[in-house]
Every structure is written in structure tokens, then in C-alpha cells.
Amino acid sequence: MAYIAMTTGFVLILIGLFGALTNRNILRMIVAFTVANTGVNLVMVAVGYMHGRTAPILDEAVPVAEAVARIIDPVPQALVLTAIVIGVGVTALMLAYVYKLYETKRTLDISAFKDLKW
Amino acid sequence: MIRRLFVILLLLGLGAIFAGLVGGYTPNDALNLSARYYAEHTAQDIGAANIVTAIIVTFRGLDTLGEVTVLFLTAAIVGLVLSHGHREGEGSGRELPPAGELLTTGTQLLVPLILLLGVYVFVNGHLTPGGGFQGGAILASAILLLLLTDPLRRISHGLIATIESTAGLVFVGIGVLGIFFAGGFLDNRILPIGSLGALFSAGAIPIVYSFIGLKVGAEFSSMLANLSETEDL
Amino acid sequence: MSALLIEMSLLLSVTMVAAAILATRGRQSLAIAILAAGLVSLLASVQYLLLAAPDVAMTEAAIGSGLTTFLFFFVLGRVRGGERD
Amino acid sequence: MVSALYILAVGLGAAFLLGLLRDEWRAGAYGVSLAALACMSLISAGWVWVLASGDGSAVDITTAGTLPPYAINLRMGLAEAVLTLSINLTGLLSAVYLRDTMFNQGRRALAVLLIFTMAACGIVLTRDLFNLFVFFELVAIATGGLVLLSRDKRALAAGFKYLVASQVITILLLVGIIFAYHATGTLNIDGMAEVSSLVLKGGGLAFFLMFIAIVLDLKPFPANGWALDVYESAHPAFSAMLSAASGSAALFAADKLLLIGGSTWLPLATGIGIVGFVGANLFALAQRNDRRLLGYSSVAQIGLILAVIGQRDLLGDRYLFIAGGILLAHAVAKAGLYWLSGLIEGRTLTAWSALQGHPILIFAFASFIALLVGLPPFPGFYAKWELVIALAGEGRIALIGLILFGALLEAGYLFRWFGRALKRERAPEPVAVSSFKRAVILTAVAAGWGLGLIWGALSLNGNLLLAVPLLFAFGFLVLEPLSVQIKNSLAIAGLVAWFVLSLPSYDPLQLIFAAVMLIGGALILLASYQTQGRRIGFYPSAMLMYAGLAMLIVAEDAFGFFAAWESLTIGSYFLILRGQRSEPHALSYMVFSLAGAFLILAGFALAADGDPLFTLAGLKQVAAPLAPWVFLLLAIGFMTKTAAVGLHIWLPGAHAEAETDVSPMVSGILLKAGLFGLFVLFMAMGSQQLYGVELTHILLWIGALSALIGNLMAAFQEDAKRLLAYSSIGQMGYALFGLAMMNHLGWLMALMFVINHYIYKSMLFLSVGGVAKRTGTRDMYRMGGLITLMPLSFIAVLIGIIAMSGVPPLSGFGGRWIFYNAILTTDSRLPMILIFISGPIAFLYLFRLIHTIFLGQLKDEHRRIKEAPFWLVLPQMIFVACLMAFALVPGLALRRVDAYISQFHPEGALGWEGLTITSAFGYWSPISIMIVVGVIFASLFAWLVFVNRKAQKVKQFNIVFAGERPFRPETTHFAWNFFAPYRKALGFLTEPLVERFWAAIVDLLHASADLLRRLYTGNGQTYAIQLLAFVVVVYLLRTGL
Amino acid sequence: MSFEWIKIPYALLTLFIVANYGFLLTAVMAKIAARVGRRHGIPVWQNYLDLIKNYGLRSSITHGVMFYMGPVFRLTGGVGLLMFVPTLYGTEMFSNMSFAGDLILALYFVFFGSLGMALGAGESGHPYSAIGVTRGLSQVTAAELPFALAVYAVAVQYQTLSVTEIVAAQQGGILQWTLFTNPIAVAAAMLSFLGTMMRPPFDVVLAPQEIPIGPPTEYHSSYLALMQTNRAIFPIAKIVIYMNLFFGGAASWPAFFLKVFLIYLVSVIVGVVFPRFRVEQSIRWFLIWAVPLGVIAIMIA
């Protein structure tokens, strides 16, 4: 199952990057990037997955003493949490940029913003 | 078209790297070094039932501080970007049809409930799934609802800013307290660990996570509010 | 249980990929693309549940698929006309 | 010392605190931010102090009361302390600099700035991979915000491109991190390094992804269009931070990451780095925009440091010294230059001409460029020295070549820029007046010099800033407000005093050079009394050159020699640049000189075999396969200074366009530095063979060709100073020829040329300079008949040309006599023939010099001209006296040298009995010749005076002119294209082939830069594609396809 | 070899003999050239007449100091050259002031007169003088080159720079002359000789047949007299060097007269056969024909 999720994650990354690198509309690029980010998160969680174990929460079902044998690796989850939040931060920032970029040129075509080059 | 082909080629290359990763991946049979430590020590050292929370708030608290800072930063920059060259004080003079009765009433009913849910999620972050981030997002969705029903509503930026800043300061402050009263920065053991599974346990984690929740909620709200207050282009 | 899980997981994956393609192909309207991306995110959070990561699942659902989508729509609403580019 | 965590806590706390302040309290918010940044800087500074004064072992800081690898830990070592200090100071200074902008933008911007600084520190401090990622994200997002501080509308697009790129980087980094974690079970960098074999298992894909992501954060060439756009459009204060702070931080991250990768990944870092260094510098050649140029330069410098990081394994405990030296120099210089650019209105390179009239800012500009290029006494210099030596010790020659080539390109465009700023017509827009901004810039200057001092102290070799000559030269910077008279007296006194002090320690050879360079320099400085005002910039430059010369003569180790060499090069560059139209020539001088210096560096490095304390005497011990190459490199390096043919194109312009009293300095004195170098080289290494070719034989040819071409070119010049300049090429050719003969008399002749050429060339440059000053032109055909108006100058020129042409009885003949005796003992006849050919040609241009200036018809516009100023004439007269004395008793100077040379070439010493000097072949009695000629001349003159006692002086135009009485001097003064027949016959030899060759190379570089940089299309998406392409290509290269 | 006071009267005697021989010889040569051209030519004492006439002229003007010095330089060059080379081999009496320096001194002292002449002519301000000077300098520098090469070849051959020693090495029969031991060097030197004698085809510098053009354009009266004197002495002094280096020198005055006459004759004969070269043509001529010979001479020496 980890393989399935992982592969899906990688496929999502590639699809996302493909979308980001071929769509000239800035907003679509950002959408594509969120897809890619989701893919990354999926990969990360999948890497931490261990077959037949449960979530790393100690409760009645998983007493402290059995934790080592019962829970899955909590670290990737913690990382993904952070990654998600950072991802949304960047997305929000880019969206704000989109608004301002549109304000300056009235277009969302990335190739229109080539004043700086060479 | 050539561009597309080139991109496909590149992604094939990248895909090859990824394939290599997948191919080289073997799932662990047992917990690795760090995970084993967390599984064994979290309960008695930190006192949090949710190990993920323990990691987020304590073991990797610095990450979380950074994460919160990312949101803070984003919110600040979104504000900055949107005010960049923005003509201050000119309210948008647009008139929108009023939101439907159902939505308005629903909002009035729902907002307190949502807020309550959010608070619950982050206060119990050390016990159950969820925590400051999730709770914060829930809080923000209450604000979102308010914005949806009345797009012209001006959210009090001052209040949001105060909340986010205070929460941030408290977070940093608790972290620093850890240096003085416990084992180091962000050590949660400045407060008694309590018994595993109780609401008031896990040292400072609930407090920290609550403030994170408040802060995250405030940041998201600020972003949403800032974006919603932009004008149509 | 695992067979069922795997089938679910597979199904989810296929749906996600389909939604992702929908989100990134330039043919559909932007609104649909954004919604599709939200869907990817939402399905991912289900996937996380299957992967025994409830915390991540909650976060992804609340932030990834919820808030992000709204952020997109806020901006999309402001840049009418930009969709054509 | 307080925990390093407080750096982060204070930064964050202050940022959060800002949110509590009311919008109106701008000053309060600004104050809080400054206080926080100052506090962060103080903490870092405290750590630097503690670690530098203690044993320097790093301190680990744990968080969460848990030991690593289970919780995040930070580390504060010396490198971290220094880096965070530099980052925090950059942040603080930028904040000061941004005062107005920040008041305008409010507390949000301040918070972003604080977080940016804090996060950059975090990157440096953290020892946790994921934490590293978080801080990287913070920096990236803060960058996205701070870009917008710019007033430039285009910054918006640039910021977006930056975010797009950082998205791609994030994806790669996260995937890499998680798999690395999976492989090792830890996120701690040190923990991972311990089990690095686990990470690198299966091709090390996870490590590759992490590494390439960090590398991409370094904005590697060529996948860096997004970064360049940011550099170009962002607020300069922010560009300063981006280049200095986040660049340094990312480099340190790369360094940390390579702990995991281990030695197998180091070559990749070197490869990427060096490609970036050379490539970005190449592209920068075609830049017109100042900030973009600086951006390219940043990319290049970071590439260089990455390359150094990749050489970590062989640098050993000097690694931090070297990498740190380059890094800090880059950080200070780049920040300083960006801050400086904020004062300038226009965005072209030429717009920096607004700096004219602001000597302090120009000094800052010069300091920053010197820091960047790595000139002494700045850290980059020491670092470069040890780096190249170490690389050569391991035989990494190609890398040395690339590094030096890149550095040369960089120096080229930087000095071109400097020249334009100083010499182009001043831009109309004034320099912004902001005391804050200036204070910031000056702080950076002070930091740069301070770093120089520190690095000098840390260096294995001596501290240049404590060398008395250099101190003396730099002391003139402080004395600048004084008048020229005082400074000149001080300078002369200093030169003489240093000579007198060092006198006991000189051997005869050194004595001759020291006398020519120091006493000779003082003599020429007499001419400087004629200038008025303060002459800002002249004395530090001139004294820097003299300091270099003084140190060169007595240098005992290769480092001291090289440092002196660079010092005199810089000093003379600034001197030459002072000329009216000398901008392009000063540039080519600098480029050639630096190229030469780099060759010398490479030569020393090869010889040193990894020993940075290599002595010049050690050149003797260099073994066979290496020796000829060392010889070749050093010889070519020295020959750039003597302007041997092929490397000569800088000289005519540089010498001709220099100021009146500078021309004799750079011609009469500076050229001798090259000869001195050759002397040292030949004494130590003797003759070397490469592929069976005797290398001195090649030098013989070069010397002969230089003599021929130099003389021939001189004969066709219309510009008097150019003529003298070309003549120097010829004269140095003779000297080189003499040296390369590798026999007693050849060396003696070269020394004779050292003295003679100094005297007559200085004299001629001074008198021609005086004439040019009076007539306002250097074109000889515009002059004529000045003999009656400027008789003293005429006498100087007359004596000068007699001496120079080698016509008896003056001292030039002595040189020729020794020369003929010398060549009788050598077997290389063909080059000798060239020398023969060039002999008479010298006669042509010398005659022309005196004829067209002083003889012929006086021009109408020159009728009221006076003799040259006293202070110009005085040294000339002294030179005349010297020439006479040297002609009569050459033994005074030569005898001891003759004996000295005998230890290298025992055969062929001259006999000095009585008045006659004898060689194995002939004899020469200078005093007899003088008497015989004098007697004949005097008798005949007396006779003529007697028979012509009633001769009547006639008016100017009273000549037999085909029955006409001309009344316009122009119609009767035959002066233009004087040797037309000669040109018709031999003109093909003077085709500027060499010039065309170098011009073609420069054009090629420029054209390729201009063409290739179109890679940066400006499209953010294309940039992202290039980014991915970079990753894939590096991957393919890494795996060997 | 060193200075003794007796050398001064000896030197003056040499000078006297050579000057008179020079006056007569140049006139004879002019006459020979005229006869070849079927003209009558000048009387052999013409030079003396000219000299008297020039000294007798009362009009005397000057253009300035250097103008004054020009002829002095010129004649000093001629006399000095004579003085620095031993005239007759083996006699202390006629070895002049050769103790002061060797062959190199002589080689370089050749330029002394040209330089002074050019300076004086320049001071006159006459454009034709300047033109003459440029032509003269251009041509002389090219013409002297093969000579210098040949001299060097000879110096290498005999391993000395001392003129006396070179002559000494050529004693013992005509076949010992450099002419036969090193013919190529001699050929190069003789080609050079043609160029420096200011005779056709290399006489465009002075252009004696046209309106006055060339360095002496502005000179007259006693100035011209000095220069005329030089024109008698200088060629002889130069021929003495050639004689010493290539033709075994002369041990007695008769041998001296004969050898100098014959060597001088070479240039005259060539001169009557060939038309005049322009300066760039002559430069090329020297570079193409004479210099390679000199190079070969050096290479095989």
C-alpha cells in the first residue's frame, strides 16, 4: 500500500510539474503546483507507513508499553504537517502576487512578464 | 510544442530518479532509531498521548515555530503585497446583492459552533488527532463564513494582528522559559507533565498548541480578509 | 482487511490521478481546475487516513483542500478576464 | 555567552512584537527592529569573540530538553558565529539603509526583514535537515516579500519567478529529505553523516535530490534567471541581503550537507561551482545594468565558494580560512556595492560616473572591487594564495586554470565598470544624499579593511596591512585633505628614508633596482610639485605602487613577492587611470597585468608543491618535469609587465595617456618590476627546456621581436608620448634579450638598460610632458620650432635621444658596447639579427621626436609659450647630470654588479683597469671617447664661431624657398607622417596583428556572452524548466549517463 | 694602448693627409663619372676652389644654435670616425686615437654626424631639409643594416672587436683577406657601402642635380665649407673601416691610397650604371638583397 501511495504521489508530482511548466496561465501554474505539493505530501506519508500498524496516538487501543510494536513512524507525519502549512503559505503568497501581477498588466500570461531578462 | 516535448523529456528524467527512489524503497519492519525513541519516551518524558503532537510541539518545536512564522510571514507579505501601490482608504464602492436569508441565519448559528469546534480541536491536540493547525484552520473557516455572507464586512485587522502577535510572542516566550526552567528551548516541562490522557497534561503542550491554534486561525483569517478586501480588477 | 484497503487505495489513486490531470490540463475552465485540485487534496486526506495518519488527514482536509481552494476562488473572482490567458 | 538560540528568539520575538504596535508608531517599530537586529548581531559578535579567543570548539545547543538526534539541535562554532555575525550585520545595516522605505512601508515590512535575517541565521545554525528546509522556506518567502520593497514595478514579476523556482526546489528537497530519513532513521545532519553509507546506498538518489535542491538555492549558473531578475529589480538594500546573507547561509547549508555526502560528492560541488564561476563571469561581460551585473557576479562568487567547498578534503584545516575569506570578502563587497548602487540614479554602468567628485564613495567603490577580485590586502587575496597553492600541490591544474580565468573575467568587467565610473562624462543625476546610507556604506568599507587585517593575521604568511611600506601608502588615504606640497614632500621623504633604512640589506642587484625605483621615484616625484590643489587619489595610488616595488625587491618568499606584485599593479592601475583619456588603456593594463599576476601565481603554486610558505630560493629545487612549466608561467607573467611583444598592447595607451608625472613613473620605473622578476627567475632557475626547446631561446626571440616591433611602431607615431611608449617596448625588448642570453655580459647589459632606460625615458617623458602641457597637444606635427622657447626641455630631449640611440659618447653607447660583446658569446644568431635591424630604427623615431617638436617652423599659436614649469624642468636637469656622470664613469654603478653577476656566470666578466673597460673581445674607454669627441667638437665649433663671428640671425621664414617667402609655418613644417617611405617599405610589419588578436578574443568573449545570455528569456516558466533541466543534466552527468 | 701626447700631432698629420686625399679623390671620381657620361667634368682641384669660395663668402646668416652646430656635429662625426680607427696597420704613428674604443665605437659613431646634420638642418626650418632628412635617415638605417651584420660576422670570424687585431689576422697574403675568407659578409657590406656613399642609385637624399633639396639646403658659406670638408673626410674614414675589415688593411700610404681609390671606385661605377631609386625602393632593395646576405654571413660565421 505504501508503494501505491508513493507511486501515486510521484505521479502527482510529475503531473503537477508538467502542468506548471506547460500552462502559461499563472493561476493554472499555481494550481498545478498545489497538485504537485499534494503529491509530495503523499510520498512523505507513504514513506513513513508501516504495514499493519496504527496511528501514533497512545490511547486505550495502544498502550504505552506496546507502542514500539504497534504504531507507525510518527516523524514523517509531523514533517508533512509542517510541509502542508508551509505549502499553503507559499500558495497564498503566490496568489497575492497573481492579483498584483494582473493589476499591472491585465493578463495572467507568464510570458507577458519578461521585462527583466538577459 | 517543442517546449512541451522538452518538458516531457525532463519529467521523464525526473521520473527516472523517482522510479529509482521507489525501486530502492523497502518498508521498515521495525521502528527506526528516532521513531523508536519517540514511541518509548514520549509518554513519560513529554506526557502527550498524541506522539505526532509531541513531536510537533516539543521535539521538533523549532520547526513548528518556523512553520508558524511562515504563516505569519505570509500573512504579513500578503498584506504588504496587496497594499503595494494600493490606494489607501478608497473603499470599493461596489454593491452586491445581499446574501440569502438562509446563509445569513445559518452563519449566525454556525459561527459560534465552528469557533467552539476549532478551540476543541486545538485544546485536545495532545490527546487526539488534530491540534493547533487544524483547529486554527477551523477557526479561520468561521471567519471565511462571515466573509462569504457579507463580502463587504471589514474584519478588524487590529484584533487579528493583536491575536497573532500575542500568540507568537507567547510561543517564543514559552520556548525561552524552557531554557530557564527546563531542559532547553521549547521544553514543555516547565509545567508538570500530569497523567497521560488528561486534558491538563503534557506540560506546556496544550498551552502552546492553543496559542498556535489562535495564531494560525488569525493568520489565515488575516490572509482571507486581505484577499477578500481587494478590489475587482 | 488489507486487500480491501489496497483496493480502496488503488481506486483512490486512480481517481486522484484523474483529478490531477483534470486540474492541470489547460482545457477546462479555471474554476474546474481549482475544484479538481481541491478534490485531489481531499482524496489525499482519505488516503492519509488509510495510511494511519489522522493528523495529516485532518490538516490536509482543513487546509489543503478547504482553505486553499477558497483562497484560489477569492483571487479568481478578482482577476476575471485573466482566465483566458 | 548567551545561547545562540536567542538570535532566533530575539528575531522572532521582535517580529511578533511589531504586530502589537500601532500602525502609526513607525519610529517605534523601526526602533524595535533595529534594536533586535543589533541584539542579534551582538550575540553573534559575542560568540565570535568567545570562540576565537577560546579553543574554538563548537557549542551544541539542544532544544526541547532532548538530545539530538531526537530533537532539533543547533550548533554554534566559529564558522557559524562569523557567518551569523555577517548575516545579522548585513540585516542591521540594510535596515538602517532602508530607513525611509521602512517608514513608508510600515511594520509588516520590518517584520519580514527581521524574519529574513533570523531565518538566514537559522540555516547556518541548525543541524537538522528538516529544520534547514523550514528556514529555507522562510528565507524564500521573506524574499518574495522583500523584493517588493523596490520602487521598480518589474520587481513584482521577478518575485513571482523567484517563488516559482522555489516551489520546484521545495519539491525536490522534501522528497530528498524524506527518503534520506527513511534510509537512516534520523534527520540530524551529523547523525546522518555517521551513517552516510545508508544515504548513499542505491546511487544516493535521496542525497542527490537534497544536494541539488540546496545547490539550486545557491542560484547556480545557468539555472538562475529568476535570481538575476530579483537582483536586478529588488531594492538594492535587499539585493545586498540576498547576495550577502542568504547566499552565505545557503553556502553553509551546502557545506553541512556535504558532510553527509562525504568525499564522493565533493567533485560534483566543485564542478557545479566552477562552471558557475566561469559561466556567470562570462555572461556578466555583456551586462549594461549595474545591479544585474552584480547579480551575475554574486552567482559567480558563490560558484567559486562552492568549488572551494568541493575541495574541502584537500584544504584540511585551512578550509575555513580559504572559503571563509572568499565568502566574507564577497559578502561585504557585494553588500557594499548594492548599497552604493542605491545612491545612484541611473541603472547603466556609466551612470556610476555620478560618483565623480565624491572621493570617499569612489574609495568605497574601489575597496569593494578590490575585495571582490581578491587583491591585497583583502581576505580574498590570502585565500586565493593558499587555495591555488593547495590545489597545485594536488595537481588540480585544470581547476586552477578555470578559477584564474574566471577571476580574470571578473576583474575585467569590474575594472571596466570602475574605469567608466571614473572617466566617463559625469552623469547628470546627482548622488543621493543620505547620511544613513553613506554611513552604512562606510561601515562596509571599514568591515572590508578590518577583514583584511584579520585575514592577514590569520594567514600563514605575513600580514600585509602591517607591512611598513603598505601602511605608509595607505596612510596617505588619511592625509588626503592636505595640500599637494605637503603630501609630495612626505612621499619623497618616505621613499628616500625607506631606501636609506634598507640600504645595508641590499645586495648589489637589489641595490640597483632599489635605487632606480625608490630614489628614482623620489626624483620623479619632484615633478609633482608643479600640481596644485589636493590631487585626491594620486598619492595613495602612487605610494601603493612604490610600496609594492619596495617590497618586491626585498621579497624572500613567493607570497611576499606575489603580494608586492599585486600591490604595485593596483597602485599603478589607479595611477594610469588618472589620465584624461586613459580609461580603455588602464583597463587593458589591468587585465593584462592581472592575467600576468595569475600566471605568476600559478607558476609559484606549481613550484611550491603545496607549501604556502614557499621561498623564492626554493625555485632552485624545482624538479625536472615541473620546472620548465614553472619557468614558462613565471616568465610570461613577468613579460606582461615588461610588455613583451604579444603582451604589449596595453602599454602605448597606458603610458601615453597618463598624467605628465605619471608617465615617467609607469615607464621609467614600473617596467623594471618585470625585469626584476625575470632576473629573480633566471637567477633561481637558470635555463629550462621544454620538449627539447630551450625556453630562454624563445625569450631571446621575444625580446628581439619586441625590440624590432616596438621601435618600428614608435617611428610611425604622431603622438609624442605614444612614441616614447612604443620605444619602451623596444627598450624592454633589448633588456629581455640581454637577460635571455644567459651570460655575463647579457645580464650586465640588461642592468645597464635598467639604469639607462630609467634615466632617459623618465627625462624624455617629463620634457615631452612639459611640452604637451604648454602646447596643449601631444601630436608632434602640431608643434615645431620650440627650441627657442623651451631650450631646457630641448637640451633634455637632445641628451636623452643621444643617450638612447647609443651614439657615443653618452651612456647609451655603453649599453650597446656591452651588448655587442655579449652577443659574440651566444649562438642564437637569428634573433640577434632582429636586434640589429631594430637598432637603426630607434634612431629614426628619436630624431623625429626632437625634430618635429623643437626644430622646424614655430607655429603661430605657440609663439607665446613659456619654458616648462620649474618643477618639471628640475628633475630633467638632474637626469641630464646623471646621464653625463653615468656616461663618464659607468663603473661606479656597474662594477659591483659585474662582480655580483660573476657568481651566476663566472665567465665573461669585464676588466676595469684604469680608464678602459675591457672584455674578451674589445675595449672601451668612456672618458677617452668623451675627450676625443669633445676636443674635436670644441675645436671645430671654435673655428666656426670664429669664421662666422658676424653671422646674422635671420627671421623665421627667411629661407631659400623656390623664390617664395612662406609666411605660414604649416606650409613649411614637414612633420606629419614623417617616415612615409619607411612605412611604405616596412609598414606591413606594423600591422596591428597582436592588437587584432586580442581584440578578436575580447570580441569573441563578449559576443558569446551576449548570445548565450539570451538563455535568460525572462519567462518565469522557462526558468523553472531550466531549473529542472539543470537537475536532470547534473544527474545524468553524475551517473555517467 | 693608451694616450700619449705625441698622438695629437700624429693624428693631425693623418687628418691632413686624408683630407687632401679626400678632396682630390672626390673630384677625380666626379670626373670619372662625367667622362663615362661623355661630359667634361670638373677639374681635380675643384674642391679646393669651392672651399676657398665658401670661406670667402661674406654673407653669413644663422637660423639658431642648432643650425650653427649642425656642421660642427657633421664634421666631428667625420673626423672622429677617422680618429677612432687606425689608418695604417702596424704603425703607432697612424693608429690615431683607436685606444678609446673598438669596432663598436666606430660603428656607432657613424651616426653621430648624421644626427647632428639632421638637427642642424631641422633648425633651419626649410621643408626641403626636413624631407631630405627623412629620406636620409630612412635610407641610412636600412643601408647600415647589412654592414652591421657583416661587421658582426667578421667579429665572430676573428673572435675580436679590435680593428687592429682584425687587420692583423688578415696579414700574410691576399688570400687571407676577409674578401676571400668570408666573401658573403664582404658582399653584404659592399652592398651597404653603395647605400651609404650617397651616390647613384642611392642619392635621392641629396638629389644633387635638382634644385637644392636635402639636408644642406639652407647651408652656405663657412657652414657649407665645413660640410664639404666632411664630404671629403667622411667617405675616406668609412672606406678605411671597410679596408681594414675586409681588404687586409694598409700597412703603408701607397697601399692605402690604392685600396681606398679602388673601393671608392666601386660605388662610382655602380652609380653610373643604375638609375636612381626612390627611398622606399632602396629600403626594399637593401632588405631584399643586402640583408639576407648579411644574415647568411652571420649564420655561417
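Order of writing sets the labels: A, B, C, D and E. Residues in every chain begin at 1.
Definition applied: a contact is a pair of C-beta atoms (placed from the backbone, for glycine too) under 8 Å apart; a residue touches a chain by one contact, two chains touch by 3 or more.
Note that the structure is a prediction, hence the values are computed from the model and not measured.
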Neighbouring chains common to subunit A and subunit B, by label: C, D
Fewest touching-chain hops separating subunit C from subunit E: 3
Farthest-lying chain, centroid of Cα atoms versus that of subunit D: C
Most widely separated chain from subunit A, with each centre as the mean of CA atoms: E
Between subunit D and subunit C, distance of the C-alpha-averaged centres to the nearest whole Å: 58
Intercentroid distance (Cα basis), subunit D paired with subunit A, Å: 50
For subunit A paired with subunit E, centre-to-centre distance based on mean C-alpha positions, whole Å: 99
Distance between chain centroids, defined by C-alpha means - subunit A, subunit C (Å): 10
Per-residue overlap in subunit C, given as positions that touch at least 2 other chains: 54-55, 59, 63, 67, 71, 74-75, 78-79, 81-82
In subunit B, residues with contacts to at least two other chains: 3, 7, 10-11, 14, 18, 21, 25, 28, 32, 34-35, 38, 50, 52, 60, 63, 66-67, 70, 73-74, 77, 81, 84, 129, 133, 223, 227, 230, 233
Where subunit E touches two or more other chains at once, by residue number: none
Pairs of chains in contact (touch as defined earlier), listed by label: A-B, A-C, A-D, B-C, B-D, D-E
Complex contact set, residues of subunit A against subunit D: 13, 17, 20-21, 24, 26, 29, 33, 36-37, 40, 43-44, 47-48, 75-76, 79, 82-83, 86-87, 89-90, 93-94, 97-98, 100-101, 104, 110-111, 113-118
Residue numbers on subunit E that touch subunit D, as the complex places them: 1-3, 55, 60-66, 68-69, 71-73, 75-76, 79-80, 83-84, 97, 99-105, 108-109, 111-112, 115, 118-119, 122-127, 130-131, 133-135, 137-138, 140-142, 144-145, 148-149, 152, 155-156, 159-162, 211-212, 217-218, 221-223, 226, 278-280, 283-284, 287, 291, 294-295, 298-299, 301
Subunit D residues within the subunit E interface of the complex: 785, 787-788, 798, 802, 805-808, 813, 816-817, 820-821, 823-824, 829-830, 832-833, 836-837, 839-841, 843-844, 847, 850-851, 854-857, 914, 916, 919, 921-925, 928-929, 932-933, 936-937, 940-941, 943-945, 947-948, 950-954, 956-962, 971-975, 978-982, 984-986
Contact footprint of subunit A on subunit B as seen in their complex: 3-4, 7-8, 10-11, 14-15, 18-19, 21-22, 25, 27-32, 34-36, 38-40, 42-44, 49-52, 55-56, 60, 63-64, 66-67, 70-71, 73-75, 77-78, 81-82, 84-85, 128-129, 133, 196-197, 216, 223, 226-227, 230, 233
Contact set on subunit A toward subunit C in their complex: 1-2, 4-5, 7-8, 11-12, 15-16, 18-20, 22-28, 30-32, 34-35, 38-39, 41-42, 45-46, 48-49, 51-55, 57, 72, 77, 80-81, 84-85, 87-88, 91-92, 95-96, 98-99, 102, 106-109, 112
